[in-house]
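Working notes, beginning with the structure itself.
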């Protein structure tokens, strides 16, 4: 996989689709029930090179372009939303490393994944702030002898215990504005000073395993920190999260629609002697799911297509457009899929209730619907705006 | 509670609201997690007389009129959807006993509830038919020496193991049309010939505990059977199920809205210094939930008000109108409530994700959205129709 | 009709329904085409006493309570939206006179209607302000020898030329805050200093004839002014406009639904040999219009029922709830009615396209959807608010 | 413009956009008010070659591929929906001539447009049938000495009096099934035996001028008939109508959104001192229109992209997908645009009420929403279906 030849995107995606269908999808219900990370699915992906989708080819990665990347994430989500979400987080951390890391940092961290299949998490959210309202981080990082010290609380810490490193979003102590203060540190899973009570029992996206973590005098070496303070906000990378979420929503929705379609093709109620697929009302429901889903997918792909040449603010608009429509369509498709399948769709024997839970859960990730519409509307109206409103960091304690 | 004086509806409802808030609501998450019947909540309701809401006063019941009844069920659902649903099932079985039972049957069965707090379930659904499409029952009942023998499969057998009697909907062997064949038997929980594998792991309404049950030469005494065959379809009682479902949907939706409202009144994100209730976007979301919910409630109450004087076909229309709007509004309210609360709404620490699961699950109960609209539309268009399309029973084996 | 006996509301409404059906509805298309006031329909209403619906019985009026009033306006709107809107404006001016007028003013103005069938208009809107955003009036009124002088511009001047008096909403010159400055003058149609270019060519509500009017040194006698400055904002009367709008929306929507229903009962397409009313898809469309419409009506009636005992702020909430839902449902019903009727619904031979135009037009009247939701949401969230945000009047020129 | 070099699509579309903005859009309100064909706009289009978009290059036409064609129609619709619709009808008749005509017919008819700027209409609809329900034509054509005789009634006869030829859809007398009977004749505007009462007063699309026409012993020469009977149903050309409609809907919706956007950028309400574009609620409304509109456009373009290589049945699916989403999005965008602009949007001074009327009117053109969903749903479910259900022609009189 050592980056010489350019991989063929269609062949890669076909391989991933097969892997997803044969090995990743069958495990999805199990990880959901246990609320534990999809470790075996990660292993399969690693062996096939798909943990390195955003690692530069020079470091042994696939270095997928954005259109191929979103299709890969969408493909994964059709089989297991949790695998898709964790891999998307992981791959996006790689993007930060590629953009902000020194050659030494890149060599070291990328090798962890390419050679050892290690996962990277990203912990940005905090209980007292809303990134959709104000981009504000209260977890502080300050230089201390031998490195940095981190203090604060993060919640929704995806892959806690499962990843080898967590990209922890901190505010450099003493800097007042987030676009000057944001500093991300790659905290190893075994760093001292992290505390987690292991509480994690959510509606969906359960296998992301995302409990809260307290940082209390957590010490990391100096080279765990990426780039100069604030720079991470100006790369057009924070925006990648939302773009990938859109791919996940559409993958989940597609899986629900596919299941409902198959179900209707097979389900016969007595005394009828044909499947309910022959009922015009059922046909209309299927179409009313499929058409908006196809349009939302085209919008996502178009956003990905424009991505490379888009400036930071424009990326915010592209990501928000894709995520907004995927949210609306995803919610509609998953609830309609349950209605079409009927009472049995509520049973965990069928996959559609998991799609319903996962979709509602992951569409709660920032930015909110209100915020997405605001960002896109500002752009259409020519009112200056970035995707994020940077807040002032808390004054030093 | 012995039926002399007419109970004051407002006082009864106030008592029930207090009981629900203080004792029933606090247990709801527990029963949901365990997927077991809300036995202690039933006990509390029994002691306060509320397991006898539809038992005639002559037999020691409350004999609530329909407007009071739906408010009572709605009140219960605000605290625990599962308690509301099981009690609604139970109370509706009492209605069948009151309408079809002999004085001896009434005396005997009502006493089981009034004096001993026993619950009654109702098992109508079957895996191979859809009551929304054709009212067809394939479970057979036939007269045998000493009583009747029941054979068939029921699914969604609510309160299996928890109720003392199950009203099992059967087709009298040999009768071709359901409106001549339907025969309901009150099968005691310990009747021989019932088999249940105990599989029950659904999205929501988990504490209804509703696994599948196989009847294999299940024998019941002759006086376990209610009324002449087919009569149960002509009472305007089957229609009560749907009316009560509407009350449950609205109760659940109200609980989600109430929680979201309180949350917004208290939630402050830094660096803001006021609760998000002051955000106009939040205010609009709250109103966009509250207004349709209030209208759907008025429609339900109006349906209940007209109930007593409505003929069977008209009751079908009233119930379907109420259930349709409660379904649409309930789905919208619960998904918006999660959006307004944000990411934390997905955690089981907060009650809103349970409302989301319960609402989606119980709105799958028949009739379907398509069927409800069809029934109401036929009535508006003057096209003759009843709520149910009676199918022909399966030919005798 | 001289106010001794309490009129029976049901009898009155039956009379009005008959009058509407027989005489008012048949003229609606004609007035719409000509965009002229429904003068003959007003005359019919006057002769039957319905121009005096809100005039106290002591002055020869019907003095309808609010529940009867909204049903009357809704009834009118089923036949002719323009008649309903103009009469609602007129009747609401009567409410202001009853609340703010001296006995002499009441005697004089009420007699104009009761005895001579004169209409009263209300002109509040102005081109440079939005009452939904800020309750601000820039038209000034100032005391001059012999009375008052009015200067400014009003738009949407309903019944210009058709009414005998226009209640012109002004700001008393020199007062900074609208809740201290609002002063309403009853300007006679022949007052000097009013100028109208007669431009009026709108989508719908055409027969309200509502062009712009310029006031340039318009002089009125001292007794044309109602009450002390600002008091009109504190009566809970401004809120009546929106409540009546809701009644009009629902009346229009009902007429569209009724027509679509009849059309489907009669329309047969070859080679089918039954009306399309037998098509389940058509039945569902009819029900999906009828059910929300019925619920919105119940919400309106409930708001009217609570009106008398509601404080000013609560009236704002009641009116906004009713108007919001009537807006949403009305838009949905009228567009669906056209879809159900099909291509011919666009022809002016059928009444449904007029309902479509009228509904969209009159739902643009303030407050806006955003503002309505905000007001209701604030109330639910306990955030202090009135229906209007009073702005500061413009400084004297 | 004589077909040697392949025209550059982007340059052509830019020319058309300029022409539309400078000359066609400014006349749109005028033609709408008069309900007369946009004759001068046609002339401008002719001079620039755009009346020959679907005429083969060998005959002097542009022979646009489908992706370019739908963009051209969409571009026109942004300026004048009526010009777009009439030109789309006209251009689609050219497609039938190219597919079914003899070389002599092609040479003759194409020259009429290329050299003389003549328009071609297409008259399919009839008052007693619904093409969405059953593809049935009752207008008969029969061979008579010297040619053919046509008898029947057509309605919605677009460009009656304005076009030089009308493609009249007939059933060949005596053939029982439409896919064997359909025969299209190019009837010259001055053919004897056509009668039109000139009644045409619709909600929107007024300048299509589409009254009803009676054919009573209408005689046409033998070479006015295109191709063998029934063949027109098997070309994948009937499906082009719906695809073009989708382009028109999106063009209209875009014009409404563009106007609303500009309006919000400029509109300031006192006492505010910034345009309402700065209001987050306004921003959200703009985005909630723009995002689905962009997605619907991508779906249309994708359908056009797949068109050439799609079989007939697949073209029906592609067209219905595009038309369905354009309908839903178009209705939402135009009604929201009015809401955002507010009360003044109802005045004919502003273009948005015309967009509202035109959109609702042209979305009523077949197939209906129900039928579109059914066709797409059948395809997804693998239930065999074509876009049309061919009915049996009426028995000979």
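Every chain is named by a letter (A, B, C and D) in the order it is written, and numbering of its residues begins at 1.
As a convention for this text, a residue touches a chain if its C-beta (ideal position, glycine included) is under 8 Å from a C-beta of that chain, and two chains touch if they have at least 3 such contacts.
Because the structure is a prediction, the values reported are computed rather than measured.
For the pair chain B and chain C, chains touching both partners: A, D. Across A-C and A-D, the chain pair carrying more C-beta contacts is A-D. Per-chain CA centroids place chain A at a distance of 39 Å from chain B. Separating the centre of chain A from that of chain C, both taken as means of CA atoms, is a distance of 51 Å.
The distance from the centre of chain A to the centre of chain D, each centre being the mean of the chain's C-alpha atoms, comes to 43 Å.
Across the assembly, chain C contributes 280-281, 284, 370 as residues in contact with two or more other chains. If you check the complex, the residues on chain B that touch chain A are 125, 128-130, 133-134, 136, 138, 156, 201-205, 269-272, 281, 331, 335, 338-339, 342-343, 345-349, 353, 356-357, 360-361, 363-366, 368-370, 391-392, 394.
Across the complex, chain C meets chain A through its residues 280-281, 284. The residues of chain B lying in touch with chain C in their complex are 261, 264-265, 277-278, 280, 282-288, 290-292, 294-296, 298-299, 302, 321, 324-325, 370, 372-378, 380-383.
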